[in-house]
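Labels A, B, C, D, E and F are assigned to the chains in the order they are written; within every chain, residues are numbered from 1.
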Amino acid sequence: MTSEIRRPSGRAADQSRDIRLTRDYTRHAEGSVLVEFGDTKVLCNASVEAGVPRWLRGKKQGWVTAEYGMLPRATHSRSGREATRGKQGGRTLEIQRLIGRSLRAAVNLKKLGEYTITVDCDVIQADGGTRTAAITGGCVALIDAIRYLQREKLIKGDPFHQLVGSISVGLYKGIPVVDLDYPEDSSADTDMNVVMAEGGELIEVQGTAEAGTFSRAELNAMLDLAEKAGAELFAHQREALGIRG
Amino acid sequence: MTSEIRRPSGRAADQSRDIRLTRDYTRHAEGSVLVEFGDTKVLCNASVEAGVPRWLRGKKQGWVTAEYGMLPRATHSRSGREATRGKQGGRTLEIQRLIGRSLRAAVNLKKLGEYTITVDCDVIQADGGTRTAAITGGCVALIDAIRYLQREKLIKGDPFHQLVGSISVGLYKGIPVVDLDYPEDSSADTDMNVVMAEGGELIEVQGTAEAGTFSRAELNAMLDLAEKAGAELFAHQREALGIRG
Amino acid sequence: MTSEIRRPSGRAADQSRDIRLTRDYTRHAEGSVLVEFGDTKVLCNASVEAGVPRWLRGKKQGWVTAEYGMLPRATHSRSGREATRGKQGGRTLEIQRLIGRSLRAAVNLKKLGEYTITVDCDVIQADGGTRTAAITGGCVALIDAIRYLQREKLIKGDPFHQLVGSISVGLYKGIPVVDLDYPEDSSADTDMNVVMAEGGELIEVQGTAEAGTFSRAELNAMLDLAEKAGAELFAHQREALGIRG
Amino acid sequence: MTSEIRRPSGRAADQSRDIRLTRDYTRHAEGSVLVEFGDTKVLCNASVEAGVPRWLRGKKQGWVTAEYGMLPRATHSRSGREATRGKQGGRTLEIQRLIGRSLRAAVNLKKLGEYTITVDCDVIQADGGTRTAAITGGCVALIDAIRYLQREKLIKGDPFHQLVGSISVGLYKGIPVVDLDYPEDSSADTDMNVVMAEGGELIEVQGTAEAGTFSRAELNAMLDLAEKAGAELFAHQREALGIRG
Amino acid sequence: MTSEIRRPSGRAADQSRDIRLTRDYTRHAEGSVLVEFGDTKVLCNASVEAGVPRWLRGKKQGWVTAEYGMLPRATHSRSGREATRGKQGGRTLEIQRLIGRSLRAAVNLKKLGEYTITVDCDVIQADGGTRTAAITGGCVALIDAIRYLQREKLIKGDPFHQLVGSISVGLYKGIPVVDLDYPEDSSADTDMNVVMAEGGELIEVQGTAEAGTFSRAELNAMLDLAEKAGAELFAHQREALGIRG
Amino acid sequence: MTSEIRRPSGRAADQSRDIRLTRDYTRHAEGSVLVEFGDTKVLCNASVEAGVPRWLRGKKQGWVTAEYGMLPRATHSRSGREATRGKQGGRTLEIQRLIGRSLRAAVNLKKLGEYTITVDCDVIQADGGTRTAAITGGCVALIDAIRYLQREKLIKGDPFHQLVGSISVGLYKGIPVVDLDYPEDSSADTDMNVVMAEGGELIEVQGTAEAGTFSRAELNAMLDLAEKAGAELFAHQREALGIRG
């Protein structure tokens, strides 16, 4: 990757921010992880509840879902509280649907039994990449919740299927870069969120040209960056969880 | 592309459904297009209104936005009316945000003047691919609305920038196929919506593994199919609009 | 009826617009009728669902209800989408209650079994008289849904009771006229919607003086017009359904 | 009118309930009337506010509107509070639209100046006919609010145009009767609300066959009853207001 | 208590307004009381319904809850109808939670059986102290609803536990006063609502410094006033209910 | 204070939990404080915005308001997200109104200029006493926001008026205790929240008997405990802010 551009943070084009995963961040949730991608901080709490949504009853499987929220002053200027406005905005719904889909790829729902795990991802501080941080940290919280179910002998098998992580890539001043922070994100030409499974295979790719278009070659350059960053994400997750790679 | 699988419709893997674009479908809208991708029928009405949203006032530019809805019985079984339930669902919001972003890529907002064009995409009958049909038909309705502004001498320059079209691709029984209909869509392993500009460049790529994962090679095979189908889409749009290629 | 006034459309005072009833307009609904009263076009989809509302359970009868909506650009200027505003307006609720009551008069609910038929009336294009068109077309869609229940042997008897049709009448520049289009409707002194059964008997009469008042004599002159137009409505319905008069 | 049937109340077919209009029922409103039609009690408060709705600004006229509500236990069994459910139901919206239209017929809006008069009609106790009582009592409250504007010299001319009153009629066991109470209303074949101006001319007619149909002859018999009852209504209004007939 | 200040009403500092409790004010409710504290008038209707909220099912106890509303023109200037705005405001929710808690102190829920009593407190006219009037009158309506349950032999024991009454006290121009009316309430330095049981013991104390602070000594002086007024409240309740003290 | 009871935490009756105030907890807010009362953790972010609510415009003063929220899994079992349910519950509204009123007592609004400071109090982890922690921490965040306005020379004078802190007291197994944690709070007979100014004067007192009643003597014993704890609160605030006592 070229080193000609200067990223606002001084990072190299293929350099992610410092990633930290702090388990047991709060006391009550069955899985509670504070994930930090640099200054982006998201609290991911996984809650276990007996039962499944109505449309899954009797199908002998569990369910994993996610909700996403942002504290009003997680951002540069205060944004109205969604509870006050009376509904979740389109951006919020879109993000929590993405997180939910992504985390379900980490789990074998048939082995989960009739339990629902809800992963609440609440942004404490935002600096770009909140959804990718939420997926990456949410996966660890989800696994802790699964371990709780096993430890309490509420389920027999192991529903954990594979680690799932996510990173953003984009074209900043025409150059592919990884893990965009807010200053980059707000002026990038193209912005892409990539969700990957442990082996590098793809789970979700969402790329958007904010201005102009992007070519197949640029798409491939961005995916190369994501693939490389993915390996780091999974190493962080394994380390946090105490799993050997 | 292999011809080994049998698609439920009997189509070849790289064969789109019949695409029809009927302009002036209703009387009142400045642009009104019925778009059909086989049995999927979406009415795209583009409405011109003077003024722009509050956050754009004084910035000497226009705005293009979209709304999406589905008639309650556009689908196999009746789904509740969103107006009755009191809010638009997450899927609806996600789709209309995608349509709006995509259509803005067709326009030079600076040249639009302080006008807002709202493209309402209402699904009359659904058989898979409603969002890709909506983008493809909505682009034609949008251009008709721009032509209205020019004809009425409400603006001087030409804000039309480029044709924008969209098609779905996916992995059906492991094989890349284009323009999935409902039977394919509901059992596909991976589903991807691709929004392209006239020259084949990419505007948006949204690929989701519904089950399992997909590889970089599969992603590329799907994008090849989308690129090929894109050429047809733009030919249909040009023909409908009476533009030479 | 006098021919002294000139109606904007050039029609005689007792002349309805061209009425068209197109069955099987969409694929999925058990009954699907596009009804046109001139430029007013309403899609009426009747959906069959097993079960009845909670308050009817165990009463060994069925239920017929209606919902009404207008596409945002069915009208001269765009009106906000009710799903976006978060609720149905008073006019919408009033109209769908009228349609529901009227269509229940077409059916013997005791013979319907524990099925609910919901008739969605969505206005594709509006030019006055959308509620009367919806009732007239909705009745045909409802009968097709009943025929479906019989054909599928889901019910034994025939719940169809009588044809129901509706037409508007009004005082336009002081003269009674039938089937007002938008230009007449928006400047009429009095506007009345009449719902009739096949034999000419009345099901609902809603007359409103928009300006001033109306006399008993004027009421009777308007009802005479409605009665005459009713005969045509029922002929159209019978023809569409292939029923002998 | 035949006297063969026994009305549950023992009233003659053409006999209204006792009607009482109590002015100045509460202290704060510019017009405050408790209207009683037998056991139906509705508090009608007319409030004067400077200014008109946005769509009337600059048109040099005033506005009259109405809102309708029912205390949760105004009825035999408690019905949920609309403020708790988060919206006004269709019946409420339909009734308040009717009251508003009817009361506007009492006023010359051009002479009202840029004032809005809102007439709140809240049902304290319900026994059938709440909407007709609300119109009849609301008209008196409205006139008191107009007199306030004149007394305070906020307007110059007299916007009062004509008295407006309303009564229900119906077919009860096949016989036309006037001013239905709840036991009659809930089992009537046909139910009609008639809004009249002082001279007997019609402002609104809303007749609904709850079961079966009704004939032109029955419609006329019901309107005869309404006309006769109307004369009494206007006498009550004049007496309450101290106006000579 | 000092008599140096002049209260706007001319009352002595320790003098409550005239209190009136009118039972059987409306016909349908099992308990219906109009309570008047001077010009403040609140209609308290207690409704009995079989069953308890979901979270109490199977716990062999009943439930008492309250709802509070204000007619739009109960106040000096019209306030918007909460049903129209689509939600109850924070003040309303806070007050109805207080009323519900207070009234539950009057009842032995275990002896109530699986019945819910809902006490609707609707303010007909407001002049300060609506919540204290609502608790005082609501208690009487509640007891009438309990007596109904006993009279109808729907329950065996007597769930009535103790009378509950409420009065406001405050610091007006620095002097402790009891039962503030609107002119006092709107300019008081401190405002306190006290809910008491028959013996003078406290159920709820809510004191707020609207400007500045208040001392422990002032708190005690206010509570002395409340205690004295409480004795009168309970006398009024006993008299209305025909209970010997 | 007696030491006979054993509090679940082993604390003495007059012993508060460890209190920690961490300033600058997040980056973006003008004031950002994490307040901990033992295991109760609340993030208080104070945001400065130019302008005041509509009803204060032109009155040459500022405004201070608060919003309160709880992360879904701050508690033992997950509670639904208010943004998803579409409204803030009564408890939330009641608490945020209390916080807002309390914090306004810390400020001279006339000296604040036409600025609004919104203090968002979001509960990260709950173990009883979230509202008292929010007031105590929110006051520090508010002062930091005021200091920001002064530092940026946006205002001239000093709107800071006095420190405001809050603590809960209650009757646990009949004994007055201070700063109840969740196990105590959920089984206390009486629960009281006290808001105090720096000198010990009272700003708000809200005491509720959850079961039975409480006497004047018990009220006074609880207030004694609150007064003593208040002195500690203000010491913590001064230390955090670097103010000498």
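Keep this in mind: a contact is a pair of C-beta atoms (placed from the backbone, for glycine too) under 8 Å apart; a residue touches a chain by one contact, two chains touch by 3 or more.
Owing to the predicted nature of the structure, the values given are computational and were not obtained by experimental measurement.
Counting hops only between chains that touch, chain A reaches chain F in a minimum of 1.
When the CA atoms of chain B are superposed on those of chain C, the rotation angle is 180 degrees to the nearest 5.
Chain A and chain B have Cα centroids lying 28 Å from one another.
Each chain gets a centre from the mean of its Cα atoms; for chain D and chain F, those two points are 51 Å apart.
Residues of chain F found to touch two or more other chains are 86-87.
Across the complex, chain B is touched by residues 26-29, 32, 39, 41, 43, 45, 47, 49, 67, 69, 71-78, 81-84, 86-88, 92, 118, 120, 122, 124-125 of chain C. Taken in their complex, chain B has these residues touching chain A: 87, 89-91, 93-94, 96-97, 101, 105, 192, 197, 199, 201-209, 212-216, 219-220, 223, 227.
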